[in-house]
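Here is the structure we will look at, set down as structure tokens.
A, B, C and D label the chains in the order they appear, each numbered from 1.
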Amino acid sequence: MIQFFQVTKYFDRYAALRDVTLRVDKGECVLLTGPSGAGKTTLLKLIFGAEVPDEGQILVQNRNIARLRASDVPYLRRTMGFVLQDFKLLPQKTVFENVALPLIIQGTAGLEVRRKVSEALKAVGLDHKRGSQAAGVSAGEQQRVCIARAIVNSPIILLADEPTGNLDTNLTMEIIELFKAIHARGTTVMLATHNRQVVEEMKGRIIRLHSGRVLSDQGVYSETNSLSCP
Amino acid sequence: MIQFFQVTKYFDRYAALRDVTLRVDKGECVLLTGPSGAGKTTLLKLIFGAEVPDEGQILVQNRNIARLRASDVPYLRRTMGFVLQDFKLLPQKTVFENVALPLIIQGTAGLEVRRKVSEALKAVGLDHKRGSQAAGVSAGEQQRVCIARAIVNSPIILLADEPTGNLDTNLTMEIIELFKAIHARGTTVMLATHNRQVVEEMKGRIIRLHSGRVLSDQGVYSETNSLSCP
Amino acid sequence: MRRILYLVRETIANIWANRMSVAIGVVTTAFTIACFGVFFLLYWNLKNLAGSLQDEIQVMVYLEPDTSKVMVSGVRRHLEGEHAVASVAFISEQEAVKDFHQQFPEESSLLDGMGDTPLPASFVVTLAPGFQSSELVEGLAERVRGVPGVEFVRYSRDWIDTLGLFVSYLEIGALVIGLILAVATVTIIANTIRLSFYARKKEIEILRLIGATGSFIAVPYVVEGAFLGVVGGGLSLALLKGGFEVFRFELDASGWFQGLDSVIAFFPLQISILLVVTGFLLGSASSLLSVYSLLRSRA
Amino acid sequence: MRRILYLVRETIANIWANRMSVAIGVVTTAFTIACFGVFFLLYWNLKNLAGSLQDEIQVMVYLEPDTSKVMVSGVRRHLEGEHAVASVAFISEQEAVKDFHQQFPEESSLLDGMGDTPLPASFVVTLAPGFQSSELVEGLAERVRGVPGVEFVRYSRDWIDTLGLFVSYLEIGALVIGLILAVATVTIIANTIRLSFYARKKEIEILRLIGATGSFIAVPYVVEGAFLGVVGGGLSLALLKGGFEVFRFELDASGWFQGLDSVIAFFPLQISILLVVTGFLLGSASSLLSVYSLLRSRA
């Protein structure tokens, strides 16, 4: 599904990722952890082609991301859903419109758009805010709008960068359940998170990054290996 | 220090805050909690005059915020530091420049600016990123830049909105210690947070909001009253 | 279908959401095209005026005294056979004296005591349009001088040259100034549209992240640019027409140039439409350009 | 001190960070001022040309035949005493005949057999600038007619009227067109600057949140706007000068209007400086306006 071969990414002269090699199979659930500035966001951005690697190769669904023609990038992105750390919502549009956007771009029929958007908004508990401007809702609400936008499309790969940073324990739990359900349907899920609750509950494969390197890549969270974890 | 008298704030027809009355004395440490959309951000924004109340009065340092002349607002704001949920950094400027801004605005001498900024950046563990563009650093780093900017000025009141949403447990602990130290110097601190760790460690007065109302206003966190808390 | 509907609604929403910068763009476009239009209108009218003046260029063919009627009609036939000649009018010796007295009443005495026919008979030749150049008239005069009965041929070489020069002068002037103004117009409009799109860099970036194709992103902007251009062009037309009417009214009120009133004219419909079409093309082309320059960077 | 240093560095950094939109603004400003300048240059030269033509308006004072030398100098004295008269030249009867032969060689025969002095002696009166209006000349002629020895006074009323009208015509034309262009210039430049600041709404918002006063925020923007205006104004001057030289070169190469070459001229230094100052004022005023409109909203 997703393969990194000795990927290095520089910003100016600073290496945000160094010689990263990893392989995520279809249907896996991966948790990216590591301290602030470890390179989690960079790794996720490379997967959906928002950044281009300086060295190494990245295959996503057997296509080399770096070599992809610019006109093919949109079609690859439509198979993925992502929650960005800085939300990236269209501030002037309503919550509904923001969530509907990935469907409209693909030309989904009107009735189906409404049905799917409602479903996604209900899943994140925001159906009552559907008519509000995206810029007007609270930070936690915006984060949930992003999650709804990421899942509305039933993506093959779901990438989420700190999706619960602005949510309280109860909502975090709900979102974890949501991601679990999506994963259960066969979607490949990759989460970058600092939240111990998420790491504990998701029970996925844990990849720990530090200063752009993979520190450890292990199975599900357990008390024994958690001591130095997140 | 800060007094709310029956404050109500509407967005469109939705009441983000309803009939809130509270009083925070000099040197207090207040933790605002409550689910997503409860009105925490709105309450903090009212204190530094980024929003104007629709009903009721707000006194900050014995001045009525709503009645303040536009030309006096900047001087009031200079006595406060704040960490916003959406950061609000100048993306083109370096980390150093962003943190230095509150000092430069007040005309602080060059040498002192450098000393104070370095101190603030060290306190949040970001001295090595001082030359990076603010837009270029990771989310957690941006959050810490905001914290540095808020404290560089030795403010009388420190307001922080979810200041640890993008930080891991270790860094969160460091920031908590930092806030405690600032509080110990006599600064009035108000934190809005979902993070249980913060609530537990800060040991401050806890105000719980729900749907714009004050649900409870109690002393330090303890096991007995924490069951339904954040 | 849903996509087209979306694009239509999107365009309208875009225009509405950015109504301030769209309005600024429309006004700027209107004023810019109007700048060019003012100059063009000036050129248009001067050229027309020169054209109507050129119609009045005349060649005088003086006949020998006491030319017979047969010879006179021979000269007439020759003149009418010339390509360059539009019309021919005969002035007899008697008419010539009458004209002289009318034109120079104070010098009337000069003709006294010079007999019945002090002035020769003549033909007044009006030239066909396109034959008013100095050389052609020279050639015509040369040929006519050889015709029997013709004493001498006179024409105001200066007048022909001056008008010819005036028209050429107008033409280089128009070329240089018109070029500057045209470049200015294109630059200003393209820049205005580009600036008003600059503010929406973020929006475009987000759409790309979600997987929108380049054309899906570009269409609403291009339509918006075209709208801006058309409305700007129309507005500039209204401005020009308004300015023109004020000018004509002032001219009428002042009572001067009664004759000019019929000569000066606004653009014909085709050119008016061209102005709006220019706006349309400029608007859509510049927005296309600015959107694609934002889309080019891979991210 | 630190604040001033900050403001200077801030301005430079701002210009650099937004170099694309600053460049767009400069180019737009340059072209817009150039549009106005082209028209102004045209007006300036036509007005100069009209002025130099008006200098040539002459009144002919014809004397009675066989006027005595004393009377001639009496007439001269009278003429020189008139306010409107700039200079007076005497043409004797003999000179008049010579001039006639020169000017109308083909009509020379007309004067044959009319004695030695078929034409009267005359004074050629050149008018002082500012006295070329039809009414003033009429009054002068009326007074001169009464002077002993003067037979009649002639002047080309048409010519005077035409020139006078031309100048007035030029003046309303210039007023109407100049007004449209001036409004256009101000609008376009203000809009361009406003648009280029629109993108920085967020920046201003952040500065205000941190506690910056209005003037602290405004200064770098206003300086930037002034810079943009001055550079734009200077560039437009360069454009105009360049266009003007190309025009003059074309004119020279074509060989026409040798005389005109000395008449057409570029703006004098003062007006060139005015153009740059206009840019400066427009730039700083529009940026001031746009920043304050962003600052007004309390938040």
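What we mean here is this: contacts are C-beta pairs under 8 Å (C-beta built on N, C-alpha and C of every residue); 3 or more make two chains touch, one makes a residue touch a chain.
Predicted, not measured: the structure shown is a model, and the values here were computed from it.
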Of all other chains, the one whose Cα centre sits farthest from chain A: D
Between chain A and chain B, centroid-to-centroid distance (C-alpha), Å: 28
Mean-CA-position distance for chain C and chain B (Å): 68
Rounded Å distance between chain A and chain C, as computed from the means of their C-alpha atoms: 63
Computed distance of Cα centres, chain D from chain C, in Å: 23
Shared-contact residues (touching 2 or more other chains) in chain A: none
Chain contact topology (line, ring, star, complete or other): ring
Chain-chain contacts as defined at top: A-B, A-C, B-D, C-D
In the complex, chain A residues that touch chain C: 48, 50-52, 70-71, 73-78, 82, 84, 88-90, 92, 101-102, 104-110, 113, 149
Chain C residues within the chain D interface of the complex: 20-21, 24-25, 27-28, 31-32, 34-36, 38-39, 42, 106, 110, 114, 118, 152, 154, 165, 168-169, 172-173, 176-177, 180-181, 183-184, 187-188, 191-192, 194-196, 198-199, 239, 243, 246-247, 250-251, 254, 256-257
For the chain C and chain A complex, residues of the former touching the latter: 1-3, 5-6, 17, 203, 205-214, 216, 298-299
Residue ranges of chain B in contact with chain A within the complex: 11-12, 14, 33-37, 41, 85-86, 129, 132, 136-141, 144, 161-162, 165-171, 194, 196, 230
